[in-house]
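Chain IDs A, B and C follow the sequence of writing; residue 1 opens each chain.
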């Protein structure tokens, strides 16, 4: 029985395409793993209770709040963080470009959540309505923009992404 | 409480039962972590052992067998929302799952099992499950038993989360033609529910023939109003009946919650407003 | 993109995207918590669970035994090494009571959450756990929670040794108030209660203290709005000279006043790092962040009015529950609330009095609006109440009483000098933009269907760029403009950015004044070692003084470049133009880089016409401020008076009390718009604060003074679905004494928009006779008000 208990946990994570094999303590959140073990600080801490969304990443293609995701439960997973949105040659993705052009953020602290959720939204919906945008971003708080420019940024991102695809 | 918790990752139900049976208190099952982790992060919970049940195939999947639908406890809210079978046969549940807060992120990771076991007064799934008459399979070191969810919730010693495992939920498909509704009252978009109600109604030429109503978020556990309101059966919905339903549902809330969502007096009143609204909306859909 | 204005050529006035925006979208911006050093240690603080108690003893041995713990420090030990925290705004300077504030409590705690001891450990989790192993023997005493209780005879003293629970009482106003009240047709009294709510940036406060033994110096990397003033504070706490201290503010994740200093943790991490010899970081939990309050005030506004709605006089003796003493500048907000009365209204007979009360709630810090948002709430709710009592239209009543646009500069009865404005014009624009009259029709139609739509207006006068004598709340600022030999530009400025985009505004100004391309400019902020002395970010000042000073410096550098260009081209200086990096004289064109290189390298021939390097530092000090008291003893701490009108359309569900906003409009006078898209962002952000304030955000306590609001589940901030579409229009009256007429655009809007919402809800519920003047209007409160109104007037038949 005791042999079923592990003191540390081995996880294999592909983060933004790069494979990491890590031996981690059982209690570690994915947020801490990214920030502390992998030095990827683009994903932010705003509450540690799942309310703000600043820590959002995508796990196997679905957005998640990394602060309330126990890293040890992801024995094998593909993770994309905000850093992973930038293309390999350094060009910004349509979403990043649109958020920048339309002032979809001010201080930028909420950007990880807003951008990652927009990315997931646009994957299945190339022309989101206001209410679809509201649903997609409902898990994220922004304290600076008042959300108006953010909505505009999501719409602009949709247009840019379509242009790029065609 | 441990600074250095251990981790267990049972591969099947047998291993899970073995681990739960062998560990003393302080072990904790973790599914999506959406409920557990906020407390872990603030040091309010420091489990000795995390039992990760995410690898157990038996906890996953949605299927139909012998006229009943089974939902594995490790099914995330998003899959409950989008699954064809649930959408067609249990539309109430699929709709209720979509009303959960926390955004897509929580929908993607929070599980139906975790939501049930949390038994949190403000959450969204229990009222619908109770209205649907859900049964659940519970596994412990003495084996697997099937119990009505309503009975399980009354049992303070169910041990779920550390000594026993919720395996799956059984539900009978809703009757064709039944009207349903889930009403959730929120003060603002980011607020948790302050009151909610799930209702299922069948009609026979505008007379109510059956009625299930469960009101949530107003007391420690959801309150099943179906018996209290059973004499609605045989009647047609009217302004008078609506007022009566509202008043009686409110009166049924003996110990209303009083918290950041609102005080007890308002909660009690809202219990009535939600029950009435849910029945009204369900009747509109019935036919 | 937002609205484009092309009235001017150049960058100013255009919606350009921020120069600093690339980092955040890539996840590559460096915030304070992103910085760690080898040997990094982490601190966690033990906080008082009691609102008032004497500390009899502290046993830290349990914590010390935890593996990974490096050091446990109590208040008594800390006091051996460090001194109390100087006040950002010392009440004593203004004749008030001043308490001694320490990083860690010594033998007494006066609020829930006050730091009592700190654990430094190798990781944050160990530190947190070890804190739970410290035992403190408290002798709990009776706290005072409400202002009314605090002022009762025999009330326990929040600060041991004080003879009253009062920082100070301040009278404002002048004129013949008695006469105004006795000659009025009516006196209408409105009790306005504003609750405790907070700014809560998504990035919580974070500090990392790094001691360097070799130079015996300290660097604080932190979420700091005002690096230079904090350096002075740290020097006092740490007993070190300022030149041994560096304060560095990396990218900040929103501030709104919260990150103005005086917090115990700033000095604490520095001291711990010096004590231990390793870097020490502290990251605020959200629960800790929620301890910082603001704004809780009780007003009793009396308006002396004629029956057609002219306001002849105003009286308002108000109480501010500022919580326990703190070194942060929060308490000063209560002062500004009174000073800004009677806002935009032309009322000269004013008797306003502040009682800044201390209680055993946690203290305040500065919050967007800095007290002026409460002025707006108190005034705008009172005007609506008075209009209803008099049976006149609330907009008409405002129009009648606004200061007229030809009355500026206007001397307010509290001693302020309003620079410029057209308040009626601003109000009209906000109403036109939303279709005020159409909404009235819609409202009537909705009522027939039993739907309750409300239309509310609110006005906010927001003095910006404030400066107080004898404090490090400075009115001026300085910037350095440097042009390198390759022609690229670096601007170093004393103002900082909370993430509002001011570096871009400053760069736009420099690009135009210097005559270079915007993308060749870098702006450096937030570092006491590299930037010229400045007061950082507060009070909507950053573009006014940062931009103003950078413009002056840019002009000086431009002159040098033009001189050398003329020498190189062998033409007359006056014929040389320089625009977007192109230097020309007639049809001769010369490369900017060639000229700049020559400035540096040819100091003995063509370059000798100037003094290298291509660098200038300039200071901008706005006019209109008067720190020498006038004959009534009044000062004017503000150079500019931005203002805005808000119109809110809401719908109330009378069965539940839930308020839903349908539409919003704001017309804003910020003097001059440097970058429309940035100004829009500020306005919408402030309205979102107003929505949260009016409807949901609330910090509550139990009867023992323990805070109940602990997480973002309890403190509910607006989400994307809560904010309706907002129409923004401008109606600018340039400030006559500021660079380009700027007035500031960052602070305004919290109170005006919240007031518009409250007024809209009261308007929606006017068929019931409901008039709510206590915030927030949560659904339970709205519902109870409707129930009470129904009970009081059962005969009234409502559609």
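Here, a contact is a pair of C-beta atoms (placed from the backbone, for glycine too) under 8 Å apart; a residue touches a chain by one contact, two chains touch by 3 or more.
What you are looking at is a predicted structure, and each value in this text was computed from that prediction instead of being measured.
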item: Two chains sharing the most contacts, counting C-beta pairs only; value: A-C
item: Centroid-based (C-alpha) most distant chain relative to subunit C; value: B
item: Centroid spacing, where centroids are CA-atom means, of subunit B and subunit C in whole angstrom; value: 43
item: Where subunit A and subunit B are represented by their mean Cα positions, the distance between them in whole Å; value: 28
item: Set of subunit C residues in contact with two or more other chains; value: 125, 285, 711, 713, 717-721
item: In subunit B, residues with contacts to at least two other chains; value: 38, 42, 46, 189-190
item: Where subunit A touches two or more other chains at once, by residue number; value: 27, 48-49, 51, 134, 137-138, 140-141
item: Subunit A residues within the subunit C interface of the complex; value: 27, 35, 40-49, 51-52, 54, 81-83, 85-86, 92, 96-97, 99-103, 105-112, 115, 133-134, 137-138, 140-151
item: Touch list for subunit C against partner subunit A, complex; value: 1-2, 17-18, 21-31, 33-34, 125, 199-204, 251-254, 256, 283, 285-286, 498-501, 677-678, 680-681, 683-688, 711-713, 717-721, 723, 725-726
item: Subunit A residues touching subunit B - in the complex, by the definition given at the top; value: 1, 4-9, 25-27, 29, 48-51, 53, 56, 59, 62-65, 67-70, 72-73, 75, 113, 117, 120, 134-141
item: Interface residues, subunit C side, partner subunit B - complex; value: 66, 125-126, 128-129, 132, 285, 287, 655-658, 695-696, 698, 700, 708-709, 711, 713-714, 716-722, 778-780, 783-784
item: Touching residues (chain side subunit B, partner subunit C) in the complex; value: 3, 38, 42-43, 46, 185-192, 194, 260, 262-263, 265-266, 269-270, 273
